[in-house]
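Across the two complexes that follow, chain A remains constant while its partner is chain B and subsequently chain C.
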Partner chain A sequence: MIKVPVIGNNQQAARSIFFHLPMWMSMYTLFTISVVNSVWYLATNDLRRDVRASSSASVGVLFGVMGFFTGMLWATYTWGGTIVNDPKQMTTAIALTIYMAYLVLRLSFTDLDKRARVSAIFNVFAFALLIPLTYIIPRMVESLHPGSASSPGFSSQDTAGTIKMVLWPAFIGWTLLGIWIYTLRARYKRLVLKNILHG
Partner chain B sequence: MAKRLSYLLLVCLMLPITAAIAQATDTARVVNEVVQQQNTETGPVNEFFRSNNKIYVAVGILVIIFTCIILYLVRLDRRIGKLEKEN
Partner chain C sequence: MKSPLSQIIALVKKDLLLEWRQRHALFGILLYVFSTVFVINLMVKEPEDTIWNAMFWVVQLFVCVNAVAKSFLQENKGRLLYFYSLVHPRYFIAAKLLYNMLLMIVFSAVSLLCCILFLGNPLIHPLYFLGVVLLGGISLSLLFTMLAAIAAQASQNAALMAIMGFPLVMPILMLLTGISQSAFAPVVQPGLPGMFALLAGMDVLVIALALILFPYLWKE
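Right after this comes the complex of A and B.
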């Protein structure tokens, strides 16, 4: 157990940062993998790219939902409400909804090529919205999240050295875990579509 | 099953958005008031999470993450099992 600075009514709940933040880093990585594969699919029409894009988006949503729920619990006992009027929480909910719509959109197609093409285009739009929604807008307005209306928390002076020491390995670890789950899912999907992909 | 679950999650996330947009008020002031009110609130759950300097909030967060990952992996496991039976 390391010493964390005790500020305001956060108390020892401040340790939640070691789990709450890596969820988002992992989600960003997975959504980036997803959009790269979607663009790649549009360029090559290779269905294996679509399998990768949808798998990483699915695991990305898992990490996003985990990040959202952990934030909800944390907010309940520090901000005084599960869903408060915080811009970052609201925009994140919107961004996650867009990605869930991507997964639902995929289920509505029976034709594989049509599904891949339409969802790849949707994915590009979703990613184009994700970054401003979760990264830019919350920094332009007042927020309950630390580091808002200034530079990102972990690169500025706001974060204590002891916290950073744990956070960076945690980012790497959770991101690798996310990528591993994504490869498992992609391998499963490739097996399902084995006859089509290699036929 | 997967379809139904996705719809459910979608609705669950859309509710807080609409609720948050509906109550557009001065954030910091309202939160301060609510925090003050909640700090004096009692109840078994509230007392548990606030005991020992709120360390159980961090514990609760770990439980959420663990549960979510396990649920996701169990679902994946079931699908792979189904695939194995088909072949």
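Right after this comes the complex of A and C.
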């Protein structure tokens, strides 16, 4: 157990940062991989790009939901409510719903090429909204979330660097884990579509 | 080859003419607005400010889904192919965006009128609210035009549009309710210019994405 700085009523619940933040890092990485592959698909019409885009988006949603749940767990003890009307929570929930809509959209097609094209277009939309929703709007409004205007973050209090010592390896570890799961999933899907992709 | 602007105007004119010839859809939506607001009136009589605002935007949302959805659903495959051979897809989507914007401006004004008639008038700054309503109508119609284009690809599935559209439209609706809240109170709300800028940014984003991505959508 390492020392965490005590800020306000965060107390020991602050330790959830070691899980909460890396989840988002992993999610952003996977969604970026997904949108790059979607654009690549639109440029080349190569179905393998679509397989990559869809697998990384679904794993990204998994990490996003885990990030949301760790945040909810922390909020239960620090804010006194699992879902409070905090802008960061709301916008993140919306962003995750958009990506879930992407997954539902994929299910509604039978034609592979059409599915790939339409969902690639929707994916670009989703990513274009993800950035303002989770980066720009929460910075413009008041939030209780640590690190925003009215509530101090941890980086200024972490003078001994103990949090960073755990957090940075955790970023790398969870992100690589996410990418590993994504490659497994992509390879599995490619096996499923073997006859079409190599035919 | 005519200039892009005249092509777009010709397409918008065609849509307007088509709308007038098939008046049943137009009046159907007007009746839809009227009956929705009337049902709200029967349920809550004259709601207070925040409820009024929320109800109004929910009505707007559903009117927009219904009005814009058919802009692509009414075109059959053969006709789309015909358009494809005539104009560049970018001009086509531009014309659709413009036409739906006009349509939504009319419907926004009508639903505002209905709401004031049936639900009472809690507005302190009516002109400001009218401006926000028109702006909101435009924003909603832009987003749903693009979504209708996507849904039209998915075997004309109208339910799909709701699944895709509602998460995407949530930030816009949140911004709009926030902005329009100022029309109910005499005090000045902080952070208003920021929200306007964000809404305008969102509109520009949707237009840009529609213009860039629609040609890919049409490739078949």
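Observations
Please note the rule applied: the second predicted complex is superposed on the first by the 187 of 199 C-alpha atoms of A that agree within 3 Å, B and C clash if a C-alpha of one lies under 4 Å from a C-alpha of the other, contacts with A are read in each partner's own complex, and residues count from 1 in each chain.
Throughout what follows, a residue touches a chain if its C-beta (ideal position, glycine included) is under 8 Å from a C-beta of that chain, and two chains touch if they have at least 3 such contacts.
Treat the numbers as computed from the prediction; the structure is a model and nothing was measured.
Once the two complexes are overlaid on the shared chain, A:T162 sits clear of chain B and of chain C alike.
By the touch criterion defined above, A:V192 lies against chain B but remains apart from chain C after alignment on the C-alpha atoms of chain A.
Counting residues of chain A touched by each partner, chain B versus chain C, the larger count belongs to B. In the superposition on chain A, A:T97 makes contact with both chain B and chain C.
By the touch criterion stated above, A:T44 is placed in contact with neither chain B nor chain C. By the document's definition of touching, of the two partners only chain B reaches A:F19; chain C does not. Of the residues of chain A, those at positions 90, 94, 97, 100-101, 104 touch chain B in one of the two structures and chain C in the other. Of all residues in chain A, only 6, 9-13, 15-16, 18-20, 23, 59, 62, 65-66, 68-70, 73-74, 76-81, 83-86, 89-90, 93-94, 96-97, 100-101, 103-104, 107, 142, 144, 181, 184-185, 188, 191-192 touch chain B in the complex they form. By the touch rule above, chain C contacts chain A in their complex via residues 146, 150, 153-154, 157, 160, 163-164, 166-168, 170-171, 174, 191, 194, 198, 201-202, 205, 209, 213, 216-217, 219. Interface residues of chain A facing chain C in the complex, by the touch rule stated above, are 42, 90-91, 94, 97-98, 100-101, 104-105, 108-109, 114, 117-118, 120-122, 124-126, 128-129, 132-133, 136-137, 140-141. Listing the residues of chain B that touch chain A in their complex gives 2-3, 6-7, 9-10, 13-14, 16-17, 19-21, 23-25, 27-28, 30-39, 49-50, 52-55, 57-58, 60-62, 64-65, 68-69, 72-73, 76, 79-80, 83.
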